[in-house]
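Inspection log for the structure reproduced underneath, given as structure tokens.
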Amino acid sequence: MTIAGPRLSRRMFMASTAAVGFSGLLPHVSFAAEPARGGVLRYATLGLDTADPHRHTGSIAVQQIYAEALTSIAADGSVEPFLAESFDISPDGKTYTFHLRDGVTFHNGDVMVADDVVANIERVKSKVTGGWLASAVKLVDTVSAPDARTVVLSMHEPYAPLANLMSELWIISPKSEGWNETIKTPLGTGPFKFGEWQPKVKLVAPAHTTYWRKGMPYLTAVEADLRDDVDKGLALRAGDLDIAYIKPDIAKQLATDPNFKVSPLKDAAWFFVAFNNRKPRKPFDDPRVRQALSYAIDKNAFMKFAAAGGGVVTNQMVLPGNLYFDQATHDADAHTKANLDKAQALLKEAGVDPAKETIEFVSWQETYPQVIVQMVRKLGFKVNHVALDDIGAQKRLGQYDWDMNCMSSGPRADIFLRYVRLMSDGPNPVLWGGIQDPDLDKLIKAAVAEPALDKRKALYLAAWQRVMEKYYVVVLGLSANQIAMRKVVQGYEPGFTWSPNWGSGGVAQTWLAD
Amino acid sequence: MNALVIRNLVIAKGQRRLVDGVSLTLAKGSTLGIIGESGSGKSLTALAITNLLPDGLSISSTSTIEIDGVALPTHDAHAMRALRGAKIAMVFQDPMACLNPFMRIGTQIDEILAKGVLPRTARTTRIVELLREVDLPDPATLARRYPHELSGGQQQRVMLAMALAGEPDLLIADEPTSALDASVQAEIVALLARLQARRQMAMLIITHDLAVAGALAHDLAVMRAGQIVETGPAQAILNAPQHPYTARLVAARRTLVSEPSDAAHAGHLLVEVTDVAVDYAGRGLFGRPFRAVQGASLRLERGRTLGLLGESGSGKSTLASAVAGLRPIAEGRIRLLGHEMRPGGPALPQALRRRCQVVFQNPHGALNPRLSIARALGEPLGLAGIPHREHAARINAVLRDVGLEAEHAARFPHQLSGGQRQRVCIARALLCEPDVLVCDEVVSALDMTVQVQILQLLKELQKKRGFGMLFIGHDIDVVRWISDEVLVMNKGRIVDRCAAHELGATASRDAYTQRLMAARLSPLAA
Amino acid sequence: MTLVMPARTDGKARTRFSVRAFLPAAILVFMVAVALAAPWIAPFDPLDQDLLALNQPPGPEHWLGTDHIGRDVFSRLVMGARTTLLVGLGGAFAAFVFGAGFGLVALSLGRVSEAILFGAIDLVRAMPGVLLALLLIVALGEGVGPVTIALGISFAPFFAYVARAIYHREAAKDYVTAAQLFGGDPLHVLRVHLAPNLIGGLVTQAAILLPRCIVTESVLSFLGLGSSPDAPTWGRMVAEASRYIELAPHAILAPVLAIVLLTLSLSFFGDNVRRTLDPLREEAGS
Amino acid sequence: MKFLANAGFDLGRMLIQALGIVVIVFLLARVVPGDVVDLKAIEGDLSASQQQEMRTELGLDQPLIVQFGQWSWRALHGDFGDSIRFGRPVGGMVRTALPVTLVFAGLSFVLALVLAIGIAVGAVMTGSRVLRSLVEIVNIWSIALPTFCIGVVGILIFSVWLHWLPVVGSMLLPILIIGIDGAGQIVKPLYEELREAATSTHVRTAHAKGLSPWRITVRHLLPTAVPVALALSGLVLAGLIAGTLTMEVLFGLPGLGSLMLNAIQGRDYPVIQAAILVTAIGLVVVNALTDLLHRMIDPRLSR
């Protein structure tokens, strides 16, 4: 299997953009007009936690501006070549060969060679303790560079998600300051350089003049606004930002405003209710009680609120149209509407008097969990709702002294990153109640090791069926995160993940109309 | 020609008339004194002349005030300002409070000069001249000082210099000496008299002190409850008062200057103070302690009164509170009713403490405003363990003893006059059946007529009950009249002691005592 | 132009006094009554969401409209009176207990302990108040209880200072000295002479701090650390609605007006309390 | 000499106070449940052993006293270490945040004092009904209306509707809001003090001297109110810290307040401590300055 990327000529770029087609929302760009050069793009989505791309532990929505990887995720969620112009996977799924692009330079002017890539993979393997990438790279036996433009990875065992995960293994010049400890000033290959960073305030990224995509970037700089308390909707309207991530209700409001364009990320965030699966308390260990609670939930009403009228009600972790979405399972969803009678009957069957039970309910400080709490109260349960900040929730969930939560989880580069949280030894499983199910683990492991897509999909689906049966986690629906842009922003369309820069789109191609 | 004519002055607060139909005439070049006790309206009359009445007080439209034959422009603020400080100048009671603490002396005087046409350099010279005119030493340096760096007498002289700066035709002096020590009072009175005579100003003196009025005024007006009860030449009024109120005032003063009765016979020894020193803790963490009393010795016997005479800051009150066991001593020893107190020794036992009571200067602060008189008097009874049912009878009895009625028991302190309050305080002390009564300036805050009543009451009670009395005061006449023996204190030391009747400016006395006696203004003594 | 205030005649002062005394007290009583009777007054469950009617303007069904998750603003306002007064009063009361208690203990133990313990109080005072409350709430967890305690600790110094000022002022009074001469022990002095003054001063202080407690609670809510997420307090209503001010101005206006009304009443009420509890003032007026 | 000794004593006391604040915050920050590793675990998918490893790496598993000792020793040498959340030098983060807060707080402080003194003096001087009502209104305004509430309305009107000011980064609106709020906290006591002073004996004397109302106000009335104004300005200053915090959050001003809030939320101990230390020292300096000013203005204290 060879996946080759086009050498981007201008025409090819247009073709590839058109091919995205997935959202049906093409950039409102008149390509007859020559992109204007210059200008600073003020961009505000999520934050930046570290200057060391390999050590990132928080959101990754900014560093793609200056750091790029061998692969990237296209708008439809498929993997596409990036710094590698193509890559091959051996039939046993154990050997990956990456063919590097010619003429890629780091921000210090050095040309990127295969040894640089090897050094990056080795660094992640040996130095980095955190992150989902670390556990994947641990499976790598050897990394070698047969020539200056080829990198070969061989694995212990087949590992299907690798190509996707490589989109988050950023290639940084080993000459970057702090390489041996924590990188302070990363020298990447991205269209913009890592300029001045004020944590939680801003990152100023000036253009990389010898960027590998000829003629790009058009902008002189990107200024990423990293403040998370500012009302981005207001800032956008006041003209303080060009591109911003906004809440669904604001998106609804701005969508009717001719000065703005609102467009979703192509992968959606999913909302779910999870039960305490590691140390379940009576009677919430009884699947009938969990089922009853699920019947109390009106998913339609919830999603209408959470996505401000948008969003999709389903019982799976991905949107319809996604490779891993299963229509039959979707159609069989018993919980699209609330059914309080059935819920009461189930409780009776389980011998539970809801008036005598208090549900310990944990959530973040958001409004949507309150909707679920109210629905559950309708059933007659008393609910002790604790809304906590990130750390507080993390701490509390990890104590497993709660019964139920309502959370959401954002876009991921690969479906595996969603399933891995449901595994017994998965990283940070607390949001999903710390499932401990060897059978489920087996199914997911088998899916991961399966190179053939159809079989892999079937295995993942079987795993998901088991999750639904056991009522470990109940998916409420999905809602795409909305990105709003001022009309002057041209050539930008949100991608699959939070990444603002990928092979067939992003800030490198963006320009300002005035 | 008259400098000031007031006709039918009425000052009201709402419906209440505080000054009611006062008419006065002050001839150019002469001095008019207005005398009266607190609340008589004399100060308001003075303030009305400068149109500086406090909030809420209004002058009736039928009143007229004329200066040099011209009606006061009360409704023209600008014209009033031009008049104030120039034609009319005023000196108030407490010079410390009257001077702006943030400004140099010279600047404060210059504020008046600056209203005129003098150039800056000429004004500087004039300031020095003015300060010299009020007999201040080294005027050039003094002009650069701040008020708090001056003594009380000096401050009042500065006030006078400031008043003179506008070359006034009329000088109003409202209790100009009341806040000053006795020895300074006489100097200021003399200065005022000299200035008036030299400049031939019209002067209006407002005072409660007959001696001051007698020394300064050519004519007198006696005020009572907002009305003038008697006017006439000063000496005539003081020597032969016509109105009964005036007569009472004069009689009160005469009582005090009359020779005291024979010294009481000494009973057994109650208090013996030997070489006592008392310290005040220093300010701040590293401040050195301040020695308020040094080497004081005294003896007080049953039935006798020991007077402690001194000016403010002489240490007399400190010594008294040490005797009462309220303040630790640094040196020496005090023997009170057989119990000996030493530096660092144990405090006075509760049982003894009750037998030595103190009556304070300000009856206002000595009574809790929240407690009725009955409850205030019940406090010592309750603490002595006397059953509640007996309280009423005892309280009524003691109220009668101090000249009050049983109905006063139901009142609150603010419903009583100053004199009545002081009687309550005395009654409260008596309820403890004290052997020693310390009276700390008990009459200083009271009007002259009331002072005499309280002093007579104390003497009477002492005769009846036989307690020993330590009487602290700054007024020579008062202390001399009530005491059997007088100790004179100055700067923390007892400088002189003698029998009360021996207290006089005779050469055998201490220099300080002589100075005090010489400064005494007593035109009525003759 | 004069420096003196226009004269107020006695008659005018008297009528103004009575209105001033009556109205604030009436409003406060009304608010407490509403808080007590809240479950019977509120037409809706304050937590009930009508997800089809978000940010509805005031109308016949929802008298004051609905908020951003479709809850009835009027019901929340009425029920919120409970938690608000509870948090406000609780905070002020906790501050009273911590401050006055700590202060009096410090004072009664003598000069050295006073210096040391009041040093500690100065320390709390010098800490930026919201920051201290913030840390305390993060440490104690959210909810009405922790917020109340955090407010109590942050505002305690005010009471300690008032207690100290009154203590020293009163201790210097001659009647306190006299009480000692009659054989009164410190407890007697505290009971008979200090307590009435202390209570007056502290109650006045509490009336001043009560609205500040309520507003501080709203600031904490705004910063994401208020009382429990669905127990409505006026402050939290303000904080939550502030993001939707354009879509639903009524949802913020209602609690703001309620807070202003409460504040105004309390400030006038506090003035009146001070007046009535201070006989000296009365005397000065007579 | 005594002046210097007193000032030195006060300064020492205030420094001890600053130290006390830092110790309290150090302890309190660590009582707060959760640490930065928990935060990193959420999105970073750290397994339990990875989390433990990271704690050791950051020194979070050492005894508190050791942590405090190490931190203060380095802080004494001007080294505040690296942010454990962002891996940046804390010194740099504080340095970039400080000027924002200094300018913001400073201007708000000045505005508050100017407004409060202006209104109070005006009301006392003219006795005007309008100005006296203004005293009450500004007072109630600051008691009852949370600053963030006014801030939101302000943004809506001036930024979104009128497009006069940007939402993010503009200081004009927050300075106005905090200035008025601060003025409200002190204008009433100041007014009452001035009114009291207006009836004081030395002001009466000044009237008796026939001086103009303007001169009386400036030279006789205002100096009397100085101690109160200074004491009250301490109150404003304390309120200012809370006010700047919410305003910085609302208006996205990258100052000390939002640095501190973010650090608390992220359990970024070195940043919390450094920011608090700087704030505490700032308070000490300002208090010392007001004290000095008081001593300089009042000749009775300058000996």
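Labels for the chains are A, B, C and D, by order of writing; each one numbers its residues from 1.
The rule we apply is simple: a residue touches a chain if its C-beta (ideal position, glycine included) is under 8 Å from a C-beta of that chain, and two chains touch if they have at least 3 such contacts.
These numbers come from a predicted model, not from an experiment.
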Of A-C and B-D, the pair joined by more C-beta contact pairs is B-D
Chain occupying the middle, per Cα centroid
D
Chain centres from averaged Cα atoms put chain B and chain D apart, in whole Å, by 49
Between chain B and chain A, distance of the C-alpha-averaged centres to the nearest whole Å
88
Could you please state the distance in Å, as a whole number, between where the Cα atoms of chain A are centred and where those of chain D are centred?
40
Chain D touches at least 2 other chains through residues 33, 156, 160, 199, 207, 249, 261
Out of chain C, which residues touch more than one other chain, so two or more?
1-2, 4-5, 138, 141, 243
Multi-chain contacts only, two chains or more: what residues does chain B have there?
54-55
Pairs of chains found to touch, sorted by chain label
A-C, A-D, B-C, B-D, C-D
Contacting residues of chain B [partner chain C, same complex]:
13-15, 54-58, 77, 324, 326, 350-351, 353-354, 356-358, 360, 362, 365-371, 376, 379-380, 383-384, 412, 414, 425, 428-429, 432
Chain D partner contacts - residues on chain C that touch it in the complex
1-6, 119-120, 122-123, 125-131, 134-136, 138-139, 141, 211-212, 215-216, 218-219, 222-223, 235, 238-239, 242-243, 245-246, 252, 256, 259-260, 262-264, 267
As the complex stands, chain D meets chain A at residues 33-35, 38-47, 50, 53-54, 57, 83, 85-88, 93, 96, 155-156, 159-160, 163, 165-169, 249-252, 254, 258-259, 261-262, 265-267
Contact set on chain A toward chain D in their complex
49-52, 55-59, 129-132, 134-135, 182, 184, 197-202, 225, 227, 229-231, 234-235, 237-241, 389-392, 394-395, 398, 420-421, 425-428
Of all residues in chain D, which touch chain B in the complex?
5-6, 9, 199-202, 204-212, 215, 219-220, 223-224, 226, 297-300
